[in-house]
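As written, the chain order gives the labels A, B, C, D, E and F, with residue 1 at the start of each chain.
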Amino acid sequence: MQTHKAKRVEITIEKIMQSRLSDALVKADVHGFTILPVYGGSGRSGLWDRTGQVGRAEGMVQFICIVREERLDALLTAAFKVVEKHIGVVNITDCEVLRAERF
Amino acid sequence: MAEILSLAANNLLSPIVLCFVLGVAASLAKSDLSVPEAAAKALSIYLLFAIGFKGGVSVAAHGVDMTLGLSLVAGVILSALLPLLAFALLRALSGLDRLNAAAVAGHYGSISIVTFVAATSVLESSGIASEGYMVAVAAAMEAPAILSALWLISRGESGRMDASLWREIMLNGSIVLLVGAFFIGMITGQEGLDEISSFVVSPFKGVLCLFLLDMGLVAGRGLAKGGKLLGWGSIAFGVIMPPIGAALGLIAALMLGLSLGGTVLLMTLSASASYIAVPAAMRVALPEANPSIYLTLSLGVTFPFNLVLGIPLYLAVASFVFGA
Amino acid sequence: MAEILSLAANNLLSPIVLCFVLGVAASLAKSDLSVPEAAAKALSIYLLFAIGFKGGVSVAAHGVDMTLGLSLVAGVILSALLPLLAFALLRALSGLDRLNAAAVAGHYGSISIVTFVAATSVLESSGIASEGYMVAVAAAMEAPAILSALWLISRGESGRMDASLWREIMLNGSIVLLVGAFFIGMITGQEGLDEISSFVVSPFKGVLCLFLLDMGLVAGRGLAKGGKLLGWGSIAFGVIMPPIGAALGLIAALMLGLSLGGTVLLMTLSASASYIAVPAAMRVALPEANPSIYLTLSLGVTFPFNLVLGIPLYLAVASFVFGA
Amino acid sequence: MAEILSLAANNLLSPIVLCFVLGVAASLAKSDLSVPEAAAKALSIYLLFAIGFKGGVSVAAHGVDMTLGLSLVAGVILSALLPLLAFALLRALSGLDRLNAAAVAGHYGSISIVTFVAATSVLESSGIASEGYMVAVAAAMEAPAILSALWLISRGESGRMDASLWREIMLNGSIVLLVGAFFIGMITGQEGLDEISSFVVSPFKGVLCLFLLDMGLVAGRGLAKGGKLLGWGSIAFGVIMPPIGAALGLIAALMLGLSLGGTVLLMTLSASASYIAVPAAMRVALPEANPSIYLTLSLGVTFPFNLVLGIPLYLAVASFVFGA
Amino acid sequence: MQTHKAKRVEITIEKIMQSRLSDALVKADVHGFTILPVYGGSGRSGLWDRTGQVGRAEGMVQFICIVREERLDALLTAAFKVVEKHIGVVNITDCEVLRAERF
Amino acid sequence: MQTHKAKRVEITIEKIMQSRLSDALVKADVHGFTILPVYGGSGRSGLWDRTGQVGRAEGMVQFICIVREERLDALLTAAFKVVEKHIGVVNITDCEVLRAERF
C-alpha cells in the first residue's frame, strides 16, 4: 500500500496542562493529535500511579501527533513552550502514514 | 476538658473516622486495596451535591438573614489573610524556601470540603443546628487564598496568573456543583428535599464512610511517598496551623453572631487545608513548587489531624465559649 | 391554559430539571465539572434496571391486558413512520442534504429512555398511574426507526445493513437491560419489589437528578461544539417535531384505549429522539453523515425541550382530552 | 425433598438469581451490555464493606463466643485440605496435567465471597440467624489453599512463592476491606449500624442484584470463550466438588457446634471456589497454568451451580440435619 | 539481547468500529494486537474528549499491531477496508522485537 | 530544535506483573517510564477486553521507556527476566528526544 513519510511526536505531560497544550498545538496549526490516558509512571519525581490521586492536579496524559516533517519544528517549538517548566517527556519517531492528504 | 476527651473519643470511634484509619492502615501496609478513580469522583459528586442541596433547603426554610452576606465577606477575608499568617509561620518553623512556603500557605487559606462535611456530620450526631449558608461560605473561601499565595511570590515578578487560570479556579467543578446544588436546594425547598431525601439524606453517612476510606488510602500513600520529604518543622506547622486558623474563624464567627453550629463550621473551614482546588492551581501557576510537599502536608497531616482531633476540639471550644 | 402554565412552572422548578439546567450552565461556562464516564454509565444502568423492573412488577400486579400486544405493534409502527414525516419536515425546513436528513430523521422515530423516565417521574409526582408495559413499548420503539432511516437513503443503493449491525441494534445493552429487568419484575412481582424497593424505588429520583446533571453537561458541551453547525431551520425542526410526534402518539393512545398516564408516556416516547442507540447505528451504517448534527439536535435541542416544556405540555393536553 | 425443591424454586425466582441469569443470557447472546470496570469494583467494595461491617456489629451484639477461634482454625484447615482432595478428584475425572490440576485445586480450597453473600441473603429471607464472625472465617479461608496448590507442584522444585507474593495475598484488597469493616462494625456496634444502616442494610439486596448481573455477564463471557477448553471431566468436577466441599464443611460445623445459619455458611464457603484472589496469585506463581481453565471452571461452572442449586441444597441438608 | 526487525502499526479508529477491525485483522490472519483506550483528540472533525460523550457511538481506540514485514501489506489492506470510510489514522514504524517466534 | 538519539522500548505485560516490572526496572537503574492502560488485545491466548474481567489477575498494561542507547541492553535484560515466563510483547524503536539531560 502507498505510504508517506511523516513524524510521530509523543508528548507525555501533566493532565492539568492538557488543555493548554491542545490550545498551543491548535494555535501552531497542528490540528491532528490523539490523547491517551496514562496509568502511572516513574521519573525524577518518583513512582506514581492513578490509584494515589485525589484531584485534577495529578496524573498525566500522552499526546500523539502525526505530522509532516516540515511541520515538525513548529510543533516542537509550540509544545516546548508549554512543557518547558513542567515535568514531561517529548520523543519523536520516523513513521509512515496512509492517506497522507490528511496531514 | 472531660467533655473534650469524651467528644474526641466518640469521634475517634465513629465509623467515619475508623474508615479513614482503615484506609491509612491499608495503604501503609501496602495492601492493594483501592477505590477506582471514577468511583471516588462519583462519591465526591454525591457528597458535594447533597451538602450543597441540604444547605440550600435550610436557607429556604430559615430565610436569608443579614449575616449571610457578611459571612461571605468574612470568608473571603479569612481565606485571603490566612496564607500570609501561614507563610510567616512556615518560614519560622520549617526550612522551606519562599516558593514552596508560599505554595503551602495557599493551601491553608483555602478549605477542604470533606473536612467541612465531616464537621457537619459530627454536629448532626450531636443534634446541633447550623446556618445552611455555611456551604456558600465554604465555596467563597476556596479561591482567595490562591491569589494571596501567588502575590506572596510574584511581588516584583511578572504575573503568574492568566485569565484562563483564573476562570479555571473560579469555575472548578467542586465550586460549581456545591453552589449550584445550594441554589437548587434554595429554589425547591422542603418540597424538593422530600422528593429526594432518601437519596441525599439517608445514605449520606454511609457514603461518607466509603469516601473517607478512600481518603485514608490516598493520605496513607501520600505519607508513604512524601513523608520523608517533610521535615519536623513542616509537620509541626501542619498541626499548629489548624488551631490558629480555627481561632481566627472563632473570632470572625463571634463578630458575625453565628450560631454554635455555624461557629464550629467556620472554625473548621479556617482550620482546614485544600487538597484539590489549590494543588491544581499551583501546578499551573507554580510548577516549580514541589507537589509532594504541599499535598502531603495538607492531605497527610492536616486532614487527619482535623478529622480525628481538630473537629471535636473546635466543637468543645465553641461550646465552652457559647456556654460561658 | 393556566393549568399548563402551572404544570410547566412546577416542572421547571423540580430538582430534576434544575439539575439539568445546572449541567448546561456549567458546561456553557466551561467549568471542568464532569461526571466520570463509568459513573454516568452506572447511573444509566441503575435507571434502566429500576424502570424496567418496576414496569414488570406493575404488569404482574395488574395482569397482562389485551392492549399490551396492540401497544407494542403501535409502538413499532410509530417508530417506523415518524422518520418519514421527520425527513419530509427536515427537507422542507432546513438545508440538510438527503444523507444527513435521513440520519436525523432516524433519531426522531426512535426514543430517549431518559425522557421517558422523566415523564414517569412527573406522572408519579402528580399521582397519575400508567400501564407498566409502557417500558416494553419503549424498547419496541428503539430500532424500527433505524431501518426506516436507512431505507430512506439506500433505495436503489446496495444495503448498508449487515447482519452483525442488526444484531448489535436489537441486542444493545439498554434494550436488553430494560427488557430483562422488565421480565425479572414480572416474574418476582410485588414480593421481589419488597426485597429491593429501598434500592429501586426510594433513591430513584435522586439518582435521576445526578444523571440529568450529567446529561446537562453533555448537552451543553454538544451545543457549544455543534451549535454553530445547526441552521435555524434545523433548530426549528428540533422543537416542532416533538409536538407533532406527540400528536401522533396521542392518536395512537386513544385508539388503543390507554389510560391517561399511558397516553402521556406514548406521547413522550413519540416526541423524544434517540441519542444513544441510533447514533451508534448511524456511525456504522452511515459514517458519512455528520454526528455533530444529529447528536446536537437530538441531545442539545429536543431533549431539553421535552424535559422542560414538552412533558408538561403533553400531560396538559392529554388531561384536557381525557377531561373532555 | 419437597422442601428442597420449593427452596430451590424460591431461590431460582429471586431477583438476585434472575439478574445473574439475565447477565449470562445477555453475554451468550453477545449483547454489548456491560457494567463498567470501575462500577463493578465499586459495587464489590460496597458489598465487602457492608457484609464485613454487619458481621462485626453482630459479633459486638452477641459477644465473642468460644467457637470463634475454633471456627477460624477450622476454616484454615478446610482451606488447606480441600485442594488436596480437589487435586485427586480432578486427576481422576479430567485429563488435566499436574500443573493445571494444582492450579484449579487451589481455587476450590479458597472461597468466593459473593457466593457467601448470596447465601447470607438467602438465610435472611428465610429468617435464619447466623454467627457474625463467619465473615472472619471467610477471610481466613482465602489464602491457605494457595499454599497447598503451590506445594502440590513444587515438591522437589524450588519455591515459587516469594515474600512479596505472600504479602500481596495476605493483604489483598478484599481481605483487608472485609476484615477492616468487620472490626469497624465490632467497635462501633449497634450505634454505628444505626448511623449507616440506610446505606449498608436497606439497599443491600438491590446492589447485590446489579452485582450479580455483572457476574452473569462475566461468567457468560468466560463460558463463551473458555467453555470449549473444558472437557466433560472438568465440568463434572465443577459440579461434584462443591457438594463434597459442603459435606466437609457440614462435618466441621457440627464439630464446632455452629448454629443452623453458621453451618450453611461454612458449607457454602467450603463449596465455593475463588475467582479473584487465587487467580491473581496463580498468574504470578504459576504463569504456565492456563487461566482460561481455572477461571472458567470456577466462575462459569461452580459459581452458577452454587448460586442457583448449591445454596438451597446446603440449606435443605443442614435444616434436615438440624431438624433431626 | 537478540532482536528481530518488525513493523509496528498504530491504528486510531472509532470505538464503534473496534470489533469490526478486530474481526478483519483476525480474518487477515493477524492475531496479535493490543488495544489502547483513547482519552481525546483532535482532527478535521474538531477537538473532543471522553467527558463529552453519551453513548457507544463516540470515542476512539488505538490498535497497536506488531507484525513481520512480510505480513504488513496484508494487515494494511485488511485494516484499510474497515478504516476507509471512517475517521481515523494509520501509521507504521520500524521496530525490533524480542522473542520473534511469537510474530 | 535540538534533539538527541534514544531508544523507545514498549513492553506490554500483564497488569499483575506491573509492580514487579517497575521494581525490576528501577533496580536496573531505569528510572524513567510511563505506564499506559490497555483496553484489550489479541494474541496466542485469544481475544480479550476489559469488560470481561473480574479480578486483578487479568488485563494488561503497557510500559514505555525512553532510554539512551547504551542503557538499552541493561533494560532489556531486566525486563526480559520478568516477562520471560509471562505473556507479553517487547518492541524497540529508534527515536529522538528533547531535553536529553533527563535520560
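Quick note on the criterion: a contact is a pair of C-beta atoms (placed from the backbone, for glycine too) under 8 Å apart; a residue touches a chain by one contact, two chains touch by 3 or more.
Bear in mind that the values here come from a model prediction, so they are computed numbers and not experimental data.
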| item | value |
| --- | --- |
| Subassemblies held together by touching, chain C left out | one piece |
| Number of steps on the shortest touching-chain route linking chain C and chain E | 1 |
| For chain C and chain F, chains touching each | D, E |
| Distance-maximising chain from chain F - centres being C-alpha averages | C |
| Most widely separated chain from chain A, with each centre as the mean of CA atoms | D |
| Length of the line joining the C-alpha centres of chain A and chain C, rounded to whole Å | 39 |
| Inter-chain centre distance, chain A versus chain E - centres from mean C-alpha coordinates, in Å | 18 |
| Intercentroid distance (Cα basis), chain B paired with chain A, Å | 35 |
| Touching two or more other chains - residue numbers and ranges from chain E | 36-37, 47, 56, 93-94 |
| Sequence positions of chain B contacting 2 or more other chains | 32, 34, 36-39, 42, 172, 198, 202-203 |
| Full enumeration of touching chain pairs | A-B, A-E, A-F, B-C, B-D, C-D, C-E, D-F, E-F |
| Complex contact set, residues of chain C against chain E | 34, 37, 40, 164, 172, 215, 217-218, 221-222, 225, 275-277, 279-280, 282-284, 287-288, 291-292, 295, 299 |
| Footprint of chain A on chain F - complex, ascending | 1, 3, 6, 8, 18, 22, 25-26, 31-37, 61, 64, 66, 93-99, 102 |
| Of all residues in chain A, those that touch chain F in their complex | 10, 12, 36-44, 47, 49, 60, 62, 73, 76-77, 80, 83, 89-94 |
| Contact set on chain F toward chain D in their complex | 14, 16-17, 20, 45-48, 50-58, 85-87 |
| Parts of chain D lying in touch with chain B, wherever the complex brings them together | 36-39, 41-42, 45-46, 49, 53, 167-168, 171-173, 176-177, 180-181, 183-184, 187-188, 192, 195-196, 198-200, 202-203 |
